[in-house]
Structures are given as C-alpha cells and as structure tokens.
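These are the structures in question, set out in turn.
The same chain A turns up in both complexes below, where it pairs with chain B and then with chain C.
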Partner chain A sequence: MRTFAVVVELGRRSVRQTFRRPQLMAPLLIIPTLLLAVQSAGAGRAVDLPGFPPVESFFDFLLAGAMVQAALLAGNSGGIAMAIDIEMGFTDRLLAAPIPRFAIVAGRLAGTAAVGAVIAVWFLAIGVVFGATIEEGVLGALVMIVLVMLAALAFGTLGAALALRTGSASVVQGTFPLVFVILFLSTAFFPDDLLLEPAQTIAQVNPLSFVVTAVRDPVISEWSMGELAAGLAATLLIGAVGLWLCSAALKRRLRMG
Partner chain B sequence: MPAIEVSNLQRAFSAEVLAVAGIDLEVAEGEIYAFLGPNGAGKTTTVRMLTTLLRPTGGTARVAGFDVVDEPAAVRSAIGVALQEAALDPLMTGRELIRMQATLHGIARDEGRRRADDLLRRVGLTEAGDRRVGTYSGGMKRRLDLASSLVHEPRVLFLDEPTTGLDPVSRKSIWEEVEALNREGTTVFLTTQYLEEADQLADRVGIIAKGRIVAEDTPTALKTQVGKPRMEIVLAKGERSDCVDVLGGFGELLPPKDGKLMLEVAEGAAAIAPVVRALDEAGIVVESLDVVEPTLDDVFVDKTGQHLEGAEPGEPDTGEEAAAG
Partner chain C sequence: MDRGLDSDIETIRALVRRSANELIRVPGAAVPGVLAPTIFFLGLTAVFGSLTLLPGFTTDSYASFMIPVSMLQGAGFTGAAMGVNLARDIELGLFDRFLASPAPRWVLLTGLVISAAIRSIIPSTAVFVIALAVGAHFPGPLGLLIAYVCVMGTATIAACWSAIIALKFKTQSASPLMQTVMLAAVLCTTAYAPQELLTGWLATVAEYNPFTQVVDATRQGFVGGVSWDGTWPAIVVILALTALLGAFALRGMRRTAY
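Right, the complex of A and B next:
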C-alpha cells in the first residue's frame, strides 16, 4: 500500500514535470499533430492507391500513427526527464529514502502512461473535430486510450533504461530522430503492402506495426481480436525488454554509485 | 550506542582510485561532527556510503545502530540527508517537495500536509512555499532542502557542504538552524570546506585528506596541538633591546617576522592588557599589537603540509587587536 502511494506520488510529479516543462510537453503534441496535418492534407489521395486498405480517409488511417508517434515521444521525454533527475541529483534524494528501488522507475512510468492517456484524448478530440469516425464507438475510443497508455508505458521503459544507463539527458535526447526512423519503418504512416523492400519486410516484423494496427483497428474497421492481441503482445514484448534493460541499468547505477 | 560507528571504511572506484582509504570514526548521539577537507578529499564519498547511496568496498559502517550494507532500508528510515548543491526539482513548489518527501517516508497525506506547513514556517519559507523552487535564491533552496530532510524527524542528519556558495547571511541562518536541531537532540554529521563552519558548529572535527582522517578532536584541542596563540607586536620607533626583557616575562619570544616581534602567549587575548601596560611602563611605544590564534588551517597545514582550499595562506584567525600610542 505504501509502495503504491509512493508510485502514485512520483507519477504525479512526473506528469507535473512534463506539463511544467514546455520543452518536454510541446514535442509530444505539436510535432505529431503537425505531421498528421501535413501528411493527411498533402498525401490524402494515397487512399486511392491499389492495395490501400478500405478507409474513409487518409486522415483516419494516420490518426493511430500520430497517436503511437506521440506515445513514442512520451517515452523519450520520460527518459529525458529521468536523466535530468539523475544529472541534478534528484534521484539521489529518492535513493536515500526508504522506498523500493523499482518504485523510482515505476513512478516515472506511471507518469508516462498518464501522459499517454492525455495524448490519446488529444488525438481523439482532433479526430472527432476533423471528421474521423470511430467505427467501434465509445468503447473503441476507450480501448484506443488504454492501448496508447500501454504503448507510452512500454516505450517509457526504453527511455528510462537509457537514462539509467547513461545518466545523460543529451544522450537520451539524441535518440529523438530514431523515433522517426522506427516509425517510418512501420505501418504507422503507410500500409506495408505499399512499402518498398527492405522497408516492407522490416515493417512486417516491426513490433510498432502491431501496436499501430491495434490502435487503428477501432477507427477503420470492426474489431479484430487477433490484431488487438498482437498489438498487446507487441506492447508487452517492448515493455518486457525495456524493463529488463531498466533493471540491469539500475543495478549497475546502484553498484557504481 | 554511537549514532555513527565506522571501522576501516573504504571505497575504491578502480585499482588506482581509492577515494576513501580506511576511515575509523565514531559520532556520539547528539553530537555535531564536521568532516573538514578540500575538494576531492573523500568527504562526499564517505557521506554517500553512510547514507547508503554508495556501497563500500571495504570496512563496516553502522548508522543509528544499523549496518549500511546489510540494513540499508532501516538506515534510510533513521537518517535525513541534504546533499551537496541542494538536489531540488526547480519545477516543484517548496510545499510539493516536502509533501513528496513525507510520502517517501510513509507519512500519511494529512500528516504530511501538516508537517510541510510546520517545516516551511520553521525555515521561514511559508510565503514562498507555493512558489516554484526555480525562483528561490541559493539560501532559500538550502533551507528548503534542510526542511525536507527533517520531515520524518530523523535521528541522524547528514549535511553535505550545506553552505557552499552561500552568502554570509544565508550561511549564518543555516548554522542557526543546525544548532537548533542539535539542541533538540538530532545528531548532525556535516562535511565542509569552510574552517569557520567547522569551528563554529562542530563539537568535534575530523580532518580528511586523500581519503584518510589525519586529525580528529574538538576544534580547540586541534588548534592547541599546533601551538599557542601568539602576539604580533610592531614598535613605533624601531627595535629596542630592553623590550625583549619586558616581553620575556609573558611567554616565549619567537624569531621576529616581517619586522614584528612574535611572542607566544598561552593566555591569548587575556595577555593584551598586562603586556601593553608593561611596555608602557618601560616607555616603549607600540604601533600595533595583534593576538593571532592558531586556526584549523594551521592544523591542516601541520598534518598535511598543505593549506585548505578557501583558506588564505597565512591568514590569521585574529582574536583581538589592540594598538597603543
């Protein structure tokens, strides 16, 4: 119970930190929103290409990609914030308190997941305003919010692991462009059938593609439990790898002092 | 039971870098113990080991009765820590920080809120409590850091260079707070590179250099070890041979330095009046007269052959000054 209270408190601080530091919050919403606007306006006729899945509009197709992109950036931002904590000695304050070590990481991830929920709501609102229809209705929207939260949490483990390993905000920030490489090598912005090799093969095995497809599913078609399960499994895989890396990095950091 | 008990404590960062090379010390309950030394002497590494932030590579340490390696959680519950450079989140408010610290120590929400109010009042930050820490001055940050370290009423308080970089007024306010805490029964272990801070606050001082304690005692006893106070006298009309006879009765005359007569006087400033009177009666006119007390820097020089950083070489700790015409 006490550990739960600590995780909630640290999660709350993490959310406050994200909202109070514009350089952490702005990229999460502004960059994916701009990309969504530019791509859907500029390449809207992509839906007419042979092989493109049946969708109302390219905007509908891209909405999930923008959400997952923002969730990826939230994970990166969480890592940057954690590295800043390490750099300024704030992590030492937490380590000197009688709390389990994992609570420090869990608190940060709880905050990242909460930011993920904010992101999902933001893009759902944009979607509704600009005419997207959520085929699966309110329940579908709720599932999307949960999936984006979980995706942000999973990506957050990778950011946290990098922060714990390097202790450097600039190194974590340096991985920012990687987010776009990973995204463009997935089905976030284009169906894999229309990608050229080797991007097509990479997109077909990229866990991010499964996450995006699961988030997209309630918008463009009827439920597919298989796609939902695959999305959750991919999220779980990313989270598990990230947690394992976090654990190793935290142990190393504690050993080195 | 001592509040801190350390035996042959060591920390190596590599085969070549031994930051702490075997420290033994004991701090009694209710004592203020100052660790005095220059940057890189091993002060912070020692504090990090005693506060469980760093695992020792040798020796043992018990804090508040608990082993720092085997019972780290119990140690963390018993101690308060204010680390170097006030590790505060500039985006939080002072009140948020103390309340968060209360939660970290398992204090219920309402009680945490009450203690935050009390502590902010105690360190004079009630009005600034809802402002972000980023807007605080250096002194305010240190006071907030101190307040947050007290939220769970620790038995032992570790302060790592609590006044480094502060102006004299802020420094004095921190000293007053540390003294008040100590009067209430809190054991304080502080590191400092300021001679005056160790002298003013500490019941006992450990001087650390190159990872080893080179001297340890009360400030007065340490200073006594390196010599008695000396009187530096400048005569108005050059040297007079009979002044040696007059001054010889008050203590040992040391070789003159920079035109000053040097007289070692065990009584220190108390010897000024009789010396001035005797010189006056002998018709010897004095231009200036200083009593110079040994400083902890003198102790540091005596033990290590180097001056402490921040202490001006040769800068005396002048107790009293008098001039006769």
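Right, the complex of A and C next:
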C-alpha cells in the first residue's frame, strides 16, 4: 500500500513537472499537432493514390500517427526529466530513502502514462473538432486512449533506461531525432504498400507499425481483434525490453555508486 | 574610409569569427543542425515519395521536390540556434558586456545575423550532397546559386526572429518558440505538394504565406528551369522580412538595459 502511494506521488510529481516546463511539454503537443495539420492538408490528395486504404480523409488516417508520435515524444521527455533528476541529485535522495527502488522508475512511468492519456484526449478532441469520424464510436475512442497510454508507458521505459544508464539529460535529449527515424520507418504517416524501399520493408517489421495500426483501426474501419492483439503484443514487447534495460541500468548505477 | 565604419566592420568580423570559433572548437555543435533536416529529408522522401504518381505533380522525383524544403529547414534551424546562443549569452551576462561596449546596437545584430547566414551553408550543403546521393536532380549552377541565396536569406530572417524572442524572454527555454515558428513558416507552404494539389486550409495559407515564394524559388532549379519571374518575388520577401524583423530585433536590443 505504501509502495503504491509512493508511485502515485512520484507519478503526480512527474506530471506536474511536465506541465510546468514548457520545454518538456511543447514538443509533445505542438510538433505532432503541427505535422498533423500540415501533412493532412499538404499530402491530402494521397487518398487518391491507387492502393491507399479506403478512408474518409487523410486526416483520419494520420490521427493515430500523430498520437503515437506524441506518445514516443512523451517517453523521450520522461527520460529527459528523469536524467535531470539524476543530475540534480534528486534520484540519489530517493535511492537513500526507505522506498523500493522499482518505485522510483514506476513513479516516473506512471507520470509518463498519465501524460499519454492527456495526449490521446488532446488528439481525439482535435480529431472530433476537425471532422474525423471514429468508426467504433465512444468505445473505440476509449480503447484508443488506453492504447496510447500504454504506448507512452512502453516508450517511457526506454527513455528511463537511457536516463539511468547515462545520467545525462543532454544525451537523452540527443536521441530526439531518433524518434523521427523510427516514425518515418513505420506506417505512422503512410500505408506500408505505398512507402518507398527500404522504408517499406522496415515498416513491415517495425513494432511501432503494429502499435499505430491498432490505434488507427477504430478510426478508419470496423474493429479487428487481430490488429488490436498485434498492437498490444508490440507494446508489451517494447515495454518488456525497456524494463529489462531499466533494471540493468539501475543495478549498474547502484553498483557504481 | 570613415574610422567609425572601419571599427564597426571590424566588430562585425569579430562576432563572425567568434561564431566560427564555436564550430571549430566544438564541431559537434553543428551536428544537430545537420541531423534534423537530413532525417526529415530522407524520412519524408521515403514516406511521401508515391505522391509523385498523382496527376498534376510537377516532377517524378520527390527527392528533388523535397530537397529545397530541407535546405530551408536547415537554414531556419541554424538561425534559431543563433537565437539560442544569444539567449545563453544573455543568461551568462556576456551580452551585457557587448551592450556596454562602444559598438552600436545594429553592429551587434548584424554580426549575429551574418554569422547565422554563413553557418546555414553547412546544414544545407550536407543535406544537398545527401540528396544528390539518393537521386535528386542537380539544379545547375544558377539554380544552385539561387538556392543558396534563399538559404542564407532564410537563415537571416530566422536569426532576426530568434533575436527578437531571445531579447524578449532572455532565456534559452524560449528556444522551442524560435524553432517551431520557423518550422511552421517553411512547412505551411508548397512544401509537400504543388499548390494545385494542396487541400483544405493549407491551400489558402500557402497561397498567401510569403515563404511559399522562397520555397518555390529555391525549388525551381531542382524541378525545372530557372527564371527571373520565379526568383524576384523570393528576393523581395527576404529583403522585406529581414528589414521588418531586423527593425524589431534592433528595437528589442535598444530596450535591453545593461
């Protein structure tokens, strides 16, 4: 019970920290929103291309990509905040406190997941305002929120692992462009059949593509349990790898002192 | 030559040298400015390359269509980086010493802006070489010259804008505002597709966004022939925005107490 309270408190601090620092919050919402707005209108005629899946508009297709992009950035941003905590000595104080070590990471991840939920609601609101139709209705929207939240949590484990391993905010921040490499090599912005090589081949095996497809499914088509299961499995895989890396990095940090 | 003018030019040269020294001493400082436009160029080309199959698209090579945008994006980021460096100098108190020196404010601003314009050649050249390697068309000597004039002009505009923000907020935390506005200015144009193929709000915004003229002028050599009609509007836009934003930046500098 006490551990749970610690996780909740650290999670709350993490959310407050994100909202109070514009440099942490701005990239999460402004960049994906800007790209969603520009790409949906700039490449809007893409839906006329032969082989493009049947959708109401390119905006509907891109909405999930923007959500997952923001979730990825939330994971990166959570890692930066954790690295700042390490640089400022806050994490050392937590390590000296009588709380389980995993609660330190879990608290940060809880905050990242909460930011993920905020992101999902933000983009759903934008989607509704600008005419996107969620084919699966309210239930579909709720599933999207949960999926984006889980995705943010999974990506957060990678950011946290990097922060624990390096202890440097600038190093974690330096991985920011990698977020876009991973995104461009997935189906976040375009269907895989229409991507150019080698992006097409990579996108077909990139776990992020499965996450995006699962989030997109309730918007553009009828429910598919297969897509949902694949998306959850990919999220789980990313989270499991991230947690393993976090554990190894934390152990190393404790060993090195 | 007038001794005052001599000393002003020497001050500008010193500021440009200082900026160059930063790159020589910390070569890694140039990497982020090169990396972002390169990633965007390669990524957007791979993702949206099939758009050239649409009837009415002006070229069969999306790399050729996208490269001018990435070069201008690199210039925008370089100009914004100058603003971040100015904010850092303000935070550290170094800029107060510049202000206390006998150098006129316009000389300080000119030094910063010229530094940004020169530094913008690095990311744009890097992304241009990569674009040629992946199959973008060579724009010809005149097309390339016009592209670099537009790149340096965009960096100048970005540097003036970033200086306004740095002088207003006096903190590096304002850097997202510097970068995002420049990114939006370049992307809310014919960046992704020709004007006729744009849809929704962007079709209208791109028509009136002055940066569309700069993007189109930079692009002309890559996707077709170079013409004076396709060039002069960009020169007018660059001169007008530099004069306007430069005046505001100078006003901000005059209002900054030391």
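Convention: the second predicted complex is superposed on the first by the 257 of 257 C-alpha atoms of A that agree within 3 Å, B and C clash if a C-alpha of one lies under 4 Å from a C-alpha of the other, contacts with A are read in each partner's own complex, and residues count from 1 in each chain.
Definition applied: contacts are C-beta pairs under 8 Å (C-beta built on N, C-alpha and C of every residue); 3 or more make two chains touch, one makes a residue touch a chain.
Since the structure is predicted, the reported quantities are computational estimates derived from the model, not experimental observations.
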Q: Please work out whether A:K251 is in contact with chain B alone, chain C alone, both, or neither, and reply first, second, both or neither.
A: neither
(Q) Applying the document's definition of touch, where does A:M88 land relative to chain B and chain C: first, second, both, or neither? (A) first
Q: For A:A46, select first, second, both or neither according to whether it touches chain B, chain C, the two together, or no partner.
A: second
(Q) I want to verify the contact counts: of chain B and chain C, which reaches more residues of chain A? (A) C
**Q.** Which superposed partner A:E9 touches (first chain B, second chain C, both, neither)
**A.** first
Q: Classify the contacts of A:P27 with the two partner chains as first (chain B alone), second (chain C alone), both, or neither.
A: second
Q.
So in the superposed three-chain picture, is A:Q17 touching just chain B, just chain C, both, or none of them (first/second/both/neither)?
A. first
(Q) With the touch criterion stated at the top, can you tell me which chain A residues are shared between the chain B interface and the chain C interface? (A) 21
Q. Which of the residues in chain A come into contact with chain B in the complex?
A. 2, 5-6, 9-10, 13, 16-17, 20-21, 85, 88-90, 92-99, 254-255, 257
Q: Give every residue of chain A touching chain C within the complex, in rising order.
A: 21-23, 26-27, 30-31, 34-35, 37-46, 48-50, 58, 174, 177, 180-181, 183-185, 189-190, 194-196, 198-199
Q | Of chain C, residues touching chain A in the complex | A | 32, 35-36, 39-40, 42-51, 53-54, 173, 175-176, 180, 183-184, 187-188, 191-193, 197-203
Q) What residues on chain B touch chain A, complex-wise? A) 48, 51-55, 73-74, 76-77, 79, 81, 83-85, 87-89, 91-92, 96, 100-101, 103-106, 132, 148
